[in-house]
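Have a look at these structures, which come just after this line.
Next come two complexes, and both contain chain A; in the first it sits with chain B, in the second with chain C.
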Partner chain A sequence: MPRPALRTAHATTLLSFALPVGVGVMFLLGWHAAVRISGSDLFPTPVEVGRGLLELARQGLLLKYVVASLFRVSWGFALAVAVGVPAGLLLGWYSRGFQAFNPMIQIFRPISPIAWIPVAILWFGVTDAAPIFLIFLASVFPITVSSIAAVQNMQPVYLRAAQNFGLSRGELFRQVILRASLPQIITGIRIALGVAWLVVVAAEMIAVNSGLGYLIIDARNAGKRYDLVVAGMVMIGVIGLVLDLLVRQLEKFDEVRWGYARR
Partner chain B sequence: MSFRKTLLITAFVVLGGITLLHGALNLGWFAPRATTASGAARDKFRVGFLPVTCHLTCPVTDFINKQTTGGSNFDPVRFHGWPELKEAYLSGYTPVTFILAPMAIALREQGVPIKIVYLGHREGGDVMVHKDSGIYRTEDLRGKTVAVPGRYANHRLIFYRELKKAGMKLSDVNLVEMPPPDMPAALYSRSVDAITSGEPFPGQTEMDGYGRALYRVKEVWPGFISCVLAVHEDVIKNRRAEVQALVDGIAKSGKWLDANMTNRVDAAQFVSKFYYNQHPRLLEFVLSKPPDRVIYSNLKPLRANFEEIEQLAKEAGILQGTAHFDDYVDTSFAPEDDAVQPHPYATAQR
Partner chain C sequence: MMEPGNVQRSTPNVQRSNAEGASSLDVGRWTLDVERSSERAAIFIRDVSLTFPGKRLGDEIAVLDHVSARVAKGEFVCLVGPSGCGKSTLLNIVGGFLTASSGEVLVEGQPVHGPDPRRIFVFQENGVFPWLNVRDNVGFGLRGKSKEEREKTIAHYIAMVGLTGFEDAYPRELSGGMRQRVEIARALAANPDIIYMDEPFGALDFITRLKMRADLVRIWQAEKKTILFVTHDIEEAVQLADRVLIMSKRPATIQQVVEIDLARPRDLDSPRYLEKRDEIFRIMGMSLRVGETLSV
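For the complex of A and B:
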């Protein structure tokens, strides 16, 4: 017989697995019942969606579309990090720069990527560059803004300590500012990754011919294939979950973990 | 491993890996380049189209070219909606495009160097109402919600013309703009009372048994035109021979489609499968029931047709009336209808 402590540990692991699965199953049952009760023959049941996914997988399209979407999101998002984090750190540190650029950032920030579609097509045609540009636009602002806030909200005690040690400007930036703001920047990056993945449907409304967003739009063209529309939604959701789990791995590093107080 | 190192390596591996996978699966980077062996193949122009029967000759020509000569002289690019198709044309990405006639004229009025060189089709499209609705005449639509594809759609113009005949104004109905692919579901759920667009979307409501034709476009406007083949003026100037080859191919495809029902059924199969990604049954339905729902002959642009469209569009408030037939049409590529022979391609060859 296991010792009580071990049993509790087991129970906790089991529970952390069983709870979300239980909610998922309830959701699927509710969905199925709702379709059956309403008698809709347009909206698919979970089983039909599953069959749609199988059909896509068998045709080899599922993998192709997932890869295409991940490709666009990875590049758009990577560019956004490469631009957003340095820009945010600089603007957070130099208050004059912040004064100068902040209004412009706040003007661009609320513009939906959908509104940028015409511009993206005019500039990039219907190549992969257009959706990458849209994903970049959607994710660069949350990253920039959270990086600015991270530096601005840094505790002054770190700076004073650094000054006492007589750190050079470069050292100050690398060893103190970057490290102190990292946890908050990572949070911003996590949110931005969600946003980047969120706009993949809109970004793929441009006539690219692959991707999960494309799958949804293409299925609308295909007549009564709402099972494939929902299949696209399901894939986007599931991959979003996986991406978030992956980014959360960053929080395991000491450099980041110190900033998170676990309850 | 340090945080920084992990981050850099992960980023490198993820970006590199996903790029290679995307290149291999979707861009054909590692595929053998057998089909594009000729040097000229690199330089083909792209032709924009939508998955509607108004643009059917585009995929049909491409397919027959590939079957008979092993390669096509153009790259068909499928769009999902008019705005994206138009923007790709404006950006120069698709210097040749299938487009709504009034949209092409409006672009000309706004100074875009565009010329209509051939028609996409004649007729095709209906005004559909729900089979259980009490709507049997145009007059019954008073106060009802009607979905149209957009401001520049000819189906909106013809609807306007019918309203006028019935002594009604556009303001007597509640017009909503909606992408045609969304129309069948909207009619099914009865969130709109009537829909009108090019095929196959009205046909779909009929095939699935909940739509009833209030009238077919061909009944009220024989020879009706909605989509045309339009070309950038620079392409006309610099690549005449290629434009001519494209127009000839499209003319032959039109004749081929109208030659017999076997060809139409065959086209429904390969276009659904390789180009439109729709159910073959749907295309087969709209191409065969009735067999002349959409026709693809007599596609030379005629002055009288366009003057009628111009006049009507001006009345309906979508055109200024500053561009005329000679400004936006170049008839020099269009063969006379009698001179067009169907493609010598037949199903039996395969």
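For the complex of A and C:
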């Protein structure tokens, strides 16, 4: 079939919007039909989930739980960035340090944060510190590892140019090493944020009594309210998407855009 | 001014004592050269050898074999030779990014101990910082200067390389030729005495390359810098240089030096130009029948 010779930018934008919306609508319809056909009285239809969300919002619980989860993620994640980026830059730069610490990092890294839950409860009790610790653990490794790789993969020509201009150590670090690594560090941060969000929900299922993870477990235990269970899941998904979109905005700055493949 | 005795004392190394042992006449010649170089030569390369250690013992790659050369102040010298012969290696030693296995390099009469902002390198793989726009790249070597002076210098050199209007553009938005212009402007803005260039136009298309060469010669005439320019392209060398140093295959020495005493701007189909070009082709042992514009 011949393609239209001139596709306006407007039409392209419209299409890029219409396609995912279309898939979403199909999914909701399919979901609805599946519940109706199976005749399940426990699993909710999309409409019932929507009503559940409204109910939570009216009670003020929706906002409260979202804020509680975001609060924990913010702290755990901020700590991970504060530790992981400088550590990664240093280990990426000093190969002796890398040799010394890398095996330890590689041993800790594959341990799922879920496995740390008993330890977190032991150390921090049922306080906010426990999920924050778990989120920290989950995100500090991807951030550190990508920061290390960012420095190690830096094109040597930038370093040599900088040396040629007689930069001091501090200037070299701030103006060249950090700048050259930033795109890859941001990618690491984006991946880590996804993992952090994954983990907060899991952590809240066990250790605390607020947040979206708690909502899911609580709705299930207190009266099999599966509409609220799924409502919690929907919120997790939507907020995860929003977080990712937000971090992606970082990749649009001129200072880092060069580091990503052209799209 | 340096005294011969001074020079000898300031440059004790194995290579030197070997040379002295071999022939006292040699020493005399070198001393004379160094003495003269302290007045005139911007770059003085003496008996430089370099061997890269191989992966295993006995795998060493001898790249440079007693290379000696000199570049006068304000001179435009091209270094040509077959690919992989050690041109970049030699330039990196002169630029202070590599240390020779033996021999010495004096720049402005001083031994080289690493890169120096008074001599700026223009890299084969383009060393413009992609996270800075054109303005900040060109101003990179001006960190100590006042704001007004910075701005004036930046504007001056951006105009000189013909990039006025692109101050806020980022390297990824520029063509390869424009990026190379940014790097040249950045080098010039730092006001070095010497510019080292390692095949700076190698990645550009033919027309852009011709244009860049013409602009480089114009800039060099205006700025009176010393330029040591590495290329594997014989035509390029004849178009640009006052003198062409021809390197042999690895392990490389300077095989011959050809003076290009042609007035600038150079006429690329004048018999004198073609004569020089063909002379270098012959020295490098290449048949001229393959094609008139063949480059190595």
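Criterion: the second predicted complex is superposed on the first by the 254 of 263 C-alpha atoms of A that agree within 3 Å, B and C clash if a C-alpha of one lies under 4 Å from a C-alpha of the other, contacts with A are read in each partner's own complex, and residues count from 1 in each chain.
By our rule, a residue touches a chain if its C-beta (ideal position, glycine included) is under 8 Å from a C-beta of that chain, and two chains touch if they have at least 3 such contacts.
What you see is a predicted model, and the numbers here were worked out from it, not measured in a lab.
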Superposed partners chain B and chain C on chain A - clash or fit: fit
Partner chain in contact with A:Met205 - chain B first, chain C second, else both or neither: first
Partner chain(s) touched by A:Val256 [first = chain B, second = chain C, both, neither]: both
From chain A, separation angle of chain B and chain C (C-alpha centres, steps of 10 degrees): 150
Contacts of A:Arg109 with chain B and chain C, given as first, second, both or neither: neither
Which of chain B and chain C A:Val126 touches, first, second, both or neither: first
Touching partner for A:Arg36 - first (chain B), second (chain C), both, neither: neither
Touching partner for A:Val176 - first (chain B), second (chain C), both, neither: second
Partner chain in contact with A:Arg160 - chain B first, chain C second, else both or neither: second
Contacts of A:Ile117 with chain B and chain C, given as first, second, both or neither: first
Nearest-approach distance, in Å, of chain C Cα atoms to those of chain B in the combined model: 11
Those residues of chain A which chain B touches in one complex and chain C touches in the other: 254-256
Chain A to chain C touching residues, read off their complex: 155, 157-158, 160-161, 163-166, 171, 176, 179-180, 182, 254-259
Chain C residues touching chain A - in the complex, by the definition given at the top: 95, 97, 114-117, 119-121, 123, 125-127, 129-133, 140-141, 143, 170-172, 190
Touching residues (chain side chain A, partner chain B) in the complex: 42, 63-64, 67-68, 70-71, 74-75, 78, 117-118, 121-126, 128, 205-207, 209-210, 217-218, 220-224, 226, 250, 253-256
Interfacial residue positions of chain B with respect to chain A in the complex: 3, 6-7, 11, 14-15, 18-19, 21-22, 25-26, 48, 51, 77-81, 83-85, 87-88, 90-93, 179, 181-182, 184-185, 188-189, 200, 204, 208, 276-279, 282
